[in-house]
Amino acid sequence: MSKSIDQAFVHAKQWLLSWLAGSPGWVVQVASILINIFMLLAVFLTLFALISVLERKILARMQNRYGPNRVGPFGLFQPIADGIKMLIKEDIVPARADKIVHFLAPVLIAAVAILTLGVIPYGRNMTPFTIDGGILFFFAVGSATELAVFMAGWGSNNKFSMLGAMRAIAQMFSYELPLIISVLPVVMVVGSLTPDRIVAAQAGYTFGLVPRWFAFTPWGAAAFILFSVSGLVESNRTPFDVPEGESEIVAGHMTEYSGFKYATFFMAEYIGMFAVSGLATTLFLGGWHAPARILEIIPSYVWFLVKLGALLFVYIWVRGTLPRTRIDQMMNFAWKFMLPMAFTCIVAAAVWHYASRGLRGWLWSLVVIAVVYTALSILLDTKRKFAPRVYRFAE
Amino acid sequence: MSSAAFVIISIFTLAAALAAATLRKLMHAALSFAVALVGIAAFFFLLGAEFVGLALVFIYIGAVAVLIVFTILLTRRHAGKDRGFNWSGVAIAVAVFGGLTWSIVKTQSLSIVAPHVPALTVKRIGQALMTSYVWPLQCVGLLLTAALIGALVLVMEEKR
Amino acid sequence: MSWIIDHLWLIPAVPFAASLVILSLSKLRRKSAVVLAITGQVVALAMSVLAFLLTLQTQGFRVIQNFTWFTFGEQTLRLGFVLDPLAAAMLVMISLVGLCIFVFSVGYMAEDKNFTRFFAYMSFFSGAMLGLVIANSLLLLFIFWELVGLASYLLIGFWIERPSAAGAAKKAFITTRIGDMGFFLGMLWLYNRSGTLLFYDGGNGCLESAGLALLGASATFIALLIFCGAVGKSGQFPLHVWLPDAMEGPTPVSALIHAATMVAAGVFLVARVYPLFSLGAINGVTSSLTIVVWIGVTTALMAALIAIAQADIKRILAYSTVSQLGLMMVSLGVGGVAAGIMHLLAHGFFKALLFLGAGSVIHGCHGEQDIRKMGGLRRFMPVTFMTYAVGMMALSGVPIFFSGGWTKEEILHATAHWPPSHVPYYLILVGVVLTALYMTRQIIYVFFGNPRAAAERAHESPRVMTMPLIVLAFGAILLSAVLTPAWPWLHGYLAGEPTYVDVARLIQPMLFVSLALVSAGVGVGFWIYRKAGTQDGGRPAEVDPLEYAQPALFRFLANKMWIDELYARTVISFSWMAARFSDWMDRYFWDGLVRGFGAIGQLFGIFTTSVDEYGINAGVDETTAGARGLGRVMSTAHSGQIQTYLGAIAIGMLALLLLYAWLA
Amino acid sequence: MTPTLQVFLIVSAALFSIGLLAALSRRHAIFILIGIEMMLTAANLNFIAFWRFSPPAQQPVGVMIAIFSIAIAAAEAAVGLAMVIAVYRHYRTTNVDQLDQLKG
């Protein structure tokens, strides 16, 4: 029974495709692709609507206020109202803008964000597009975001836009390195760039109790943290929303956008966040695997969504907690701490692998990470830098 | 490997490439170049070299194209429109194209259909890179480091 | 536990690594430097103790770890590590004493601006020294030998801004180099004869029967050449002059390198290659060993005499070190290898203790080193005084409670039964008396009597400096537990013999001999120097009692028997003369030759010039004019426009393509 | 009908010629770089096509060369663009017509 619920969507798709039995092969192929795309868009656009209102409500709770509560029950219809507002708002294009580039930027950024969703396994047998180098695809396509942001900045012909775009590109470039390098340990250990294989490699339980997720190994935990932080930066969210910091440069590269184009940017940011969280889930949190053997009766895609939701909650939580960083602090952090640590994770994963992947490997890789972490914090003088601030007043 | 896909991709690629070579606004040309690269990556997919296609997208669109637009931004004084157009260059390019096409068409041994080859997995590429091609790989790593440092030195502001 | 056997290389590698890391740190990271250096030393100590415990398992324990360094042609050059009682005992002594000295240095060097560099060098030295003792190949030993030499050079000249320190460093380096030259030649000779430099190699090493059989009569010369190295490093008679000057370095350096460990390396080397020395021994006597004995005796007696007349607290200890090393050499030469090494180990403890005590005194007296300006310090520096007294008694050879007494007694015992001659025995007895005498003199000058100029503002050193002193003092005392004839455990351990307890052997005639000698030395010392530093009769306060009594003799001794001056007159002035002669030859003879040839060349040149000018040039001018014209025409192709070049390349490519297609 | 090697080569030749066109006829230095990159990718396309159309071999040599040439092209682009910036700083122009200091 639980198996059929687990595979419900897969069966439904096969049933739909069975209508096309007898038509040429490419028709079935195209139909299958279209179904996948449709499902992806339906699920994630709904999720986007839901998260946008939930984020506002959660943030409101954290800031001791109510948040949206007027439209529909508990304000749940708020996104619909927002959507209608965005759609009927006037679309303003600056006179001196580069109109083609200005128009293409939001299209590209949204397309890229949605494309990256395609390679993530959402449940057992539920990967929309299986590519041999799925992880590489994710990053290859994701790297076009920078171009899109630059197009937005350039096309608007506005100083704030340009500055915001440059900041965005600088930070995205810097954090793309730790992001990708922190994925490498997993790829190395699994020996594959295919997300399905990576999820499969995390099946099973040590001592029948602790799931074999990579986040439970020292290198995996370190890489997971690095990946999540870098992912946070890549999606330009607080505390790393330097490129669109409204108190400094209006809204960065989105300054000259309004109406539906602005909504597209907004959507792309959220979908990018979903994609990074989904990849983090796949890589480190065991994908759609259940955290305990007993809980395997719950369908796999539910587990995936639960983990995704947990990560998203953490993102919102961080946004509600931390203030915005300065750009130079961010850059220093990326190059002086994140990057060496990411390389250390590779070494630690290799140590873990060659020390037979057991408890011994666990301890040794912990030692590697702890040593490098300590050395880095001594070298970077974190004790002094993160001490309580001393205020000096004019005397 | 279907003809339809080939025709679509080649028209797309060549159109984008032509745009990249002839558009008057530099920024538009750079973006067209990125589009042309997507087309070439599609060619690679079509030919079964998925990894190379992905690497091409990753490196060219993620890095080289952004570098180019950044350079355009930094040397903006003339970035608006590129007026001059050297017609002798066009003639040479057309002649080269003619010569190449003529010699390709003339060589009969080239009109072959692709044989069936096993899919080229990333794993196999990785193994090849780590065994037979490990020296070139290291050399490329060294080259990239040198290029990185060289580029930095070139653009560093001279301290006065 | 046997893990350490496979990882013996880690013992030197850890301090080396610490040194490299510290060197790469910024000058301001003092705390990190200290933590790294001391951690490295603690790790080395822990591993040494592990290795030491391992060697206790069986009698005559010995494991080797050989590996190939590189291969040239048919030959492979192999290096290796060895762990046996000799190495293990040295390891523990070096790392323990080293640790104490590191801790002491934290206090002593606290004010120095090159604090991190100091610890980097010290760690470097420690690593090299630990490597030296576990080397299983003469070549590897030589490598580490040179590395400790380098460390010694760097540390003697640590205060590089002082010309005297730089000079002393240079002197140490060059003097030891003379000995090392012999060592190197001996090594080459050995390799030529035996084809291997490994000490132990499962029966094929150069110290094992198969290897020794290949040497034959050349063994004597090889042994003596290697002994040259030991003479240089251990400051034996002709080459001892660098060691007292080496006291220009910081005091912890003197304690670690120039008292406890490095200078003992020569003794260690002789003990290590002892089979070479004793090859073909008749009744335990060979000609090479006889030379070792005589050099040792000469050194011991001479240095002890000089020590009596010195005023610098560290120089006295330096000459004492030279003298004690001579004693060890005598012991090795007469066949008491275990006794010599025991004395080396015990000496390592109490001499390090004495030097650190001296450092503490200097620190307390704000940098003053002249004992005549101290006095009465026992009231100001009680801890230093107590520990210093322990060291003094151990060095003087006070029996029963102090380790030095037992080892010295054993050396005397060994020497007394040397077949060829009894002269060394009697000379060494004199040496023992002199040792007690000059130590008594020193301690009276420093700690007794009235405070003089430098002692007035003296203060006890901080805890970080006194703790190592106390540890070393306990070491110097407790070590005697395993040295007594009643239970000669260390002797048995080193010699690979079983030991058992026999209280009856505690009382031996030699015990009374040494007791008598020491009390004679101390008593005479007290009698002579009872009023040292004060005005007495016709003698001014600052004049030494001995100087007052025997001015000529004292001057002779105070000027180190004029050996430095002798060298300056003979060796150095000879090399000056040789240099000047070579310079003259170069300037006038060879230069004259060269100039002569030059003149011939010039003449020929004048001739050819005229031919050139009027015969050939006319033709060439025309040609060059033509070439220039052609060049002007060609240069128009170089428009400086890259696109033109690129276009030309494209056209060329097209032409080649068409040519190829047309031909095919 | 499936495409033969010839048509791939012709497309690649066309791409190469377009790259050459950009490199030869435009004045702005960046265009020259774009043209060179395009010619390089055309060469890569050739390599991949030849690999795909030749009988299966032990090593995917064509693919390997393409991968290495992509890496080298990235290095070339970085240095080339750095040079463009340096030239711009020095001469205040990126127009290659005006950069003829090496004129003979």
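Letters A, B, C and D name the chains as they come in the text, with residue numbers starting at 1 for each one.
In the analysis below, contacts are C-beta pairs under 8 Å (C-beta built on N, C-alpha and C of every residue); 3 or more make two chains touch, one makes a residue touch a chain.
From a predicted model like this one, the values you see are computed outputs, not experimental measurements.
What is the set of chains touching both subunit A and subunit C?
B
List the centre-to-centre spacing of subunit A and subunit D in whole Å, with centres computed as mean CA coordinates.
34
With centres defined as the mean C-alpha position, give me the subunit C-subunit D separation in Å.
Roughly 63 Å, centre to centre.
Measure off the straight-line distance from the CA centroid of subunit B to the CA centroid of subunit D, and report it in whole Å.
Distance between chain centres: 6 Å.
Please work out the Cα centroid separation of subunit A and subunit B, and write it as a whole number of Å.
29
Provide the list of subunit C residues touching at least two other chains, using ranges where the numbers run on.
643, 647, 650
At least two other chains touched by the same residue of subunit B: list those residues.
Within subunit B, the residues that touch at least two other chains are 51, 55, 63, 70, 86, 88-89, 92-93, 96, 100.
Counting only chain pairs that touch, give me the topology of the graph as line, ring, star, complete or other.
other
Who touches whom among the chains?
Contacting pairs: A-B, B-C, B-D, C-D.
Enumerate the contact residues on subunit C facing subunit D in the complex.
Counting only subunit C, the residues touching subunit D are 634-643, 646-647, 650.
Please output the residues of subunit B touching subunit A within their complex, sorted ascending.
Touch residues, subunit B against subunit A: 25, 27-28, 31, 34, 50-51, 54-55, 57-58, 61-63, 65-66, 69-70, 73, 119, 121-123.
Please give the residue numbers of subunit B that touch subunit D in the complex, ascending.
By the definition above, subunit B touches subunit D via 1-3, 6, 10, 13-14, 17-18, 20-22, 26, 29-30, 33, 36-37, 40, 43-44, 47-49, 51-52, 55-56, 59-60, 63-64, 67-68, 70-72, 74-75, 77-78, 82-90, 92-94, 96-97, 100-101, 104-105, 110-115, 117-118, 120, 124-125, 128-129, 132-133, 136, 140, 143-144, 146-148, 150-152, 154-155.
In the complex, go through subunit D and note every residue touching subunit B.
1-11, 13-28, 30-31, 33-35, 37-38, 41, 44-45, 48-49, 51-56, 59-60, 63-64, 66-68, 70-79, 81-86, 88, 92-95, 97
Using the touch definition up top, name the residues of subunit A that touch subunit B in the complex.
98, 100-101, 104, 131-133, 136-137, 139-141, 143-144, 146-147, 150-151, 154, 162, 166, 169, 173, 176, 191-193
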